[in-house]
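Just so it is clear, A, B, C and D label the chains in written order, and each chain counts residues from 1 on its own.
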Amino acid sequence: MRASWQERFAEASDVLKSSQRQQTVVRVLDLEIGGSDFITMAGPCSVETEQQILSIAAHVRKQGARVLRGGAFKPRSSPYAFQGLGLAGLKLLAKARSETGLAIVTEVMSEDDVPLVAEYADILQIGSRSMENYTLIEAAARSGKPILLKRGMMATVEDLMRSAQLAIGAGNPNVILCERGIRTFDNALRNTYDPAAIALLKQISHLPVIADPSHACGHRELVPALARIGVAAGADGMIVEVHPQPEKAWSDGEQSLSFDEFDGMMAMLEPYIALRGAANRTLVGRVG
Amino acid sequence: MRASWQERFAEASDVLKSSQRQQTVVRVLDLEIGGSDFITMAGPCSVETEQQILSIAAHVRKQGARVLRGGAFKPRSSPYAFQGLGLAGLKLLAKARSETGLAIVTEVMSEDDVPLVAEYADILQIGSRSMENYTLIEAAARSGKPILLKRGMMATVEDLMRSAQLAIGAGNPNVILCERGIRTFDNALRNTYDPAAIALLKQISHLPVIADPSHACGHRELVPALARIGVAAGADGMIVEVHPQPEKAWSDGEQSLSFDEFDGMMAMLEPYIALRGAANRTLVGRVG
Amino acid sequence: MRASWQERFAEASDVLKSSQRQQTVVRVLDLEIGGSDFITMAGPCSVETEQQILSIAAHVRKQGARVLRGGAFKPRSSPYAFQGLGLAGLKLLAKARSETGLAIVTEVMSEDDVPLVAEYADILQIGSRSMENYTLIEAAARSGKPILLKRGMMATVEDLMRSAQLAIGAGNPNVILCERGIRTFDNALRNTYDPAAIALLKQISHLPVIADPSHACGHRELVPALARIGVAAGADGMIVEVHPQPEKAWSDGEQSLSFDEFDGMMAMLEPYIALRGAANRTLVGRVG
Amino acid sequence: MRASWQERFAEASDVLKSSQRQQTVVRVLDLEIGGSDFITMAGPCSVETEQQILSIAAHVRKQGARVLRGGAFKPRSSPYAFQGLGLAGLKLLAKARSETGLAIVTEVMSEDDVPLVAEYADILQIGSRSMENYTLIEAAARSGKPILLKRGMMATVEDLMRSAQLAIGAGNPNVILCERGIRTFDNALRNTYDPAAIALLKQISHLPVIADPSHACGHRELVPALARIGVAAGADGMIVEVHPQPEKAWSDGEQSLSFDEFDGMMAMLEPYIALRGAANRTLVGRVG
C-alpha cells in the first residue's frame, strides 16, 4: 500500500510522510499547530470595526481559541461584495493580538500585498480561489511566515498537496492544510464537506490539517456538527467564523456563529477533543 | 429557517420532521433503529460459503454488531462481476440468523425477487444503483419489511428524500436512509463521503440515518476513521464490510476489514458512541 | 493510441471497434440507424391523448422525422409526477405508427413490462435512471427488439459502454447509445451536454450514437443549437421533444419545441446534416 | 424568459445583451473579434525557440489563422512543469508578429507582469487558474488591452460572467470569453467540454465567445471534432494548439496538432464556418 500512495502522489513527495519526517509542527508565537493540542482559530469573516474585532477576540480567547481570524483583504465571492478594510484592518488585528495574545491569521490575495500582510499577520492565509495561484503561493512562502493553505472548491487532494509542495519548495516547510468543502452536483448545503480528505491527509502527509466547518456548510446551525466531524476526522484544529451579531455581519453572516452558539459548540466539542489523541493511536492499518 | 427547509424539500414533506413526528424508530426483531442505541450492521460484501458467513456472523455478533449484512443478489459494478449465490445465499443468511440472533439485511435488485428476499431478510436493502428505480422501491415497500435505502452515487440529498417519500407513500414508514459516498471530480478515494448529509438529515428528517464507511472510501485502512466520522455526524448506526480474509474475498476485498481490524475499530469507536447521545442534545440551533 | 482505448475500456470490449466490426447498423422497419442517414426521432414527452399523438406524428413525419417518441410508462422526475397512460398509451403509439409509418420508441421501466412494451414498440428505450438497472437491460435485450440506451446523469462514458456490453452479452447487438447531458456543479442549464462523448464514442465504438438536445438543456430556445452541436459531433441521429402546445404539455413543456420551432430547426439543420458524411471522412487521426 | 436570465445573472448585468448593446466587437490590429468572421488563434502551448515560433506562425498564417498564441509565462499544471521563457518569449512573439502580421495573445499570470506583457501582446490572456484572481483581472483590464478570459475548470457560466463584469467595471469593455472544458466526474477525456455554455452565452451576452478544443479534450485526434462542435455552437472563433513535432513539445504535446492535422482541420471546418452566419440567423426562439 505504501508504494501506491507514494506513486500516486509522486509530484508532492515532500508533503508525504517519510522515514525522516512523520509530523510537521508549525510554531506560531507560543503555539504548536500539528502537535498534541487541537487549535481553534476563530473570528469574523471580515474585520469591520475596532469594537467588533476586539470584542470577538476577547470572547473567543476566553473560550479557548488560540488564533484570531479576520479578513482585511477579502476574497470577494462576487466583484461587488465588500473588499475589506485593507491596512486599517491589519492594524486592528495587530491591536487585538496585543490585547489578547491571540495569534493572527489573515488572507493575502495579491503578491504585492505579501510584505504588508506579513508585517502584521502571524499566519498568511492562501484562500480557496488562490490555491492555484502559484506566483502568490511562492511569494507568501518566501516571506517566511507560516502558510494556511485552503483547498480550492474544485481542487483534488492531489492538487492541494501539489500547492503545498510548491511552498515547501520555496523554502518554507510551515504549511497548514485546510479542508473547507468542495463543489459537487448537490446543492443541499453551500459546499460538500470532505472530511475523508482530512483523514487521508493525516495518514499520508506530515503537514498539519485543519477543518473549516463554516465555509463547508454555509448554514450556522450545522457548523457545530461539522466541527465535531472535523475533530473525529483527525484534524489538528479548525477555523470558524464568529460574530457578535451574525445577522448584521458585513459578509458571511448566515454561516457565522453568535457568541452563545460558539460557547455551546466549544463545550460540546471538549470530550471529542479529549478523545482525539487516543483515537489517532488506535487506527487499524497504516498507510505509507 | 424552518420555512426554508420545508419549502426546499416540499416534495418530500413526509420525510421531514413535524410537530407530529420527531423521530421514527424502526423495529427489527428485538432491535430499535433510530432509537438510543447505535446499531452496527456488519458482514461480507457477498455471501460466499456456509463456513464464511457463519464464521463472520459469530465474530461480528461477539463484537457488538446487531445486524448481519451480505449480498445474495449482487449489484455488479460491472456486467462481469460476481452476481451472488441467489436463493442459496438467502438460505445461508437465514441459517446465520438462527445461529446468532442477528437480523439480516440484504439487497433486492429486481421487483420479481421482492417476495423471495422478503421471505428471508429482515431488512430489504435498495442499493445505490437502484435508488431511482421507483418501481422496485414501491414493490419493496409493499412487502411490509423495513427498507434500507442507500443514497445513489449521483443523488442529491433531496433525491434521496424523494425516494424515501415514495416508500412511505406506498404505506411503509420504516425507512432507514444510508449515506455511502457520492461521485465527484476527486478520485483520491473511491467516492466522496458526505457526512454533512447525515448531519443535515438528522436535523430535518425523522427517519433513521446510517453511514456506510466501506463504500465511501474503498480503502480498508481509512474505514475506521470514516466510521468515527459517521458517529460524530450523528448517525444512528453504520453498515460495514468484514471478511476473514479480505484479500481472498470474491468482491470488494480492498475495502473489507479483517476480524482484527473490525475488533480494533469497535473498541476505538466505543467512547465516541457513548458521547453520541449527549452531543445530539447540545447542538446549538434547531432546524425545522 | 489504439492500445490505450482498448486497455482503458477492456470491460466493454464488445462495444469497441474491431477489425471485424467497424459500424453496427440497427434496422427498424425500413430504417437504418447507424447508416448513412441522420435519423430524427421526435414526439412528446408523454403520450397524452389520441388527438395529441396523432397530430404530432403527422407533423413530425412531414418534416422528416422517421421515429416517433412518446412516453407511456414515464420515468418520473419525482414520485408525484405524471406516470403515463400505460397500455392505453402503447396502443395510441401503435395507431400513430399505422397511420404514419413512423417507427415507435418508448421507454420500458420495469422488467415485468418488457413483454408488453416489446409487443407495441419498435425500439425499447432504457432511460437515464435505469442505465445501471442491469436486470432490466438484460430483460429488454432478450426481447430481441433494438435498445435505445440513454446515458445516466452521472454515468461516465465507460459506464455507458459497460451497460451496452451487457445488452450485447445478452445476445442483442442492436444497441443505440444516447447522450443526454450529465450532472455537474453548473446549473446554468438543466444538465451539462457532453457532445465530446458523442465524438469519442463515434471514434472508438461501432454502435450508433444519437443526441438528445431536449433533456440536455431543458430550455426550449437552446434546443436547436444543441441539435446542431449533436450533428457536428458526428451523431447518427437525435431524439427531440415536440408538442403542439408546449406550455400545456403534461410534462417537460419547458423543453418541448412547438411545431413552428421544430420546423425551423429542421430547416436550419439540413445543410449541417448534408456536411455530416463528408466531415466524418476528413477527421484527422484515427483512434482504435 | 427575458426576465429570467436577467434576474438569474443580475450580478453580471453589464455582460448581458441590452437594448443598447447587442454585440461587442473587439478590434485588434486589423481584426474584428465578435464580428462576421470566425477568428482562428493558433500556436504552441509554450514559446520554445525562435525557429519554433517563427515556423509555426508562418504556417498557421498561411492556413487562415489571424492570431498567434504561445505561452511566455506558463500556468504550470504542476509546480515542476516548464514555466516559460518569460521576457525572451515575449520578444520572440513580437518578432513573429512583425514577420507575419498575426496578432499576439499570451497569458499574464501575475499583476506585476501586466505592464511587461501588455507592452508586447495584443490580447492579454487570463488563464483558467486565474479566472477568480480578481486583482489580476482588474490590473489586466486597466492596461487597456483586450482580455481573453478563459473559463475556470471549476467555474459556472455565472462565475465566468462575473469575472467579465469585473473587467468591464474596471473600464475595459473588450473582453473575449473562452470555453475550455470543466471538471466533472468523468475522466474519459481531460475535461468535459461544455459547448452549450457557448450557445447560451451567445444568446444572452454581447461579448465575443471562443472555443478552446485543445484543452477541452486533451487528445489530439478529437480536437478537429471539438473545433467543429465549437463552430456549430456559434462561437466567434477558436484557440488551438499547434506544434511542428507534437511528440517533442515541451508542454501539452498530446493535445497539440501537427501541421498536417491543422491543415486537415482547417479544410474540414471551412463549410461549417460558411454556414455559421446563416445558422445564427435562423435560430428559433430568442432569449433576453
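The definition used in the following text is that a residue touches a chain if its C-beta (ideal position, glycine included) is under 8 Å from a C-beta of that chain, and two chains touch if they have at least 3 such contacts.
Note that the structure is a prediction, hence the values are computed from the model and not measured.
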Selected from B-C, B-D or A-C, interface repeating A-D by over half of its contact pairs
B-C
With respect to inter-chain C-beta contacts, which pair, B-D or A-B, contains the greater number?
A-B
Measuring centre to centre with CA averages, how many angstrom lie between chain B and chain C?
35
CA centroids of chain B and chain D: separation to the nearest Å works out as 48
Quick one: chain A and chain B, Cα centre-to-centre, how many Å?
33
Would you give the residues of chain D that are in contact with at least 2 other chains, written as numbers and ranges?
154, 183-185, 187
In their shared complex, chain D is touched by residues of chain A numbered 11, 75-76, 78-80, 109-112, 129-130, 132-135, 152-155, 162-163, 165-166, 169, 183
Going by the contact rule at the top, pick out the chain A residues touching chain C in the complex.
154, 183-185, 187
Residues of chain D that touch chain C when the two form their complex
1, 154, 156-158, 182, 184-189, 192-197, 199-200, 202-203, 216-217, 220-222, 224-226, 228-229, 231-234, 257, 260-261, 264-265, 267-268, 271-272, 275, 278-279, 282-287
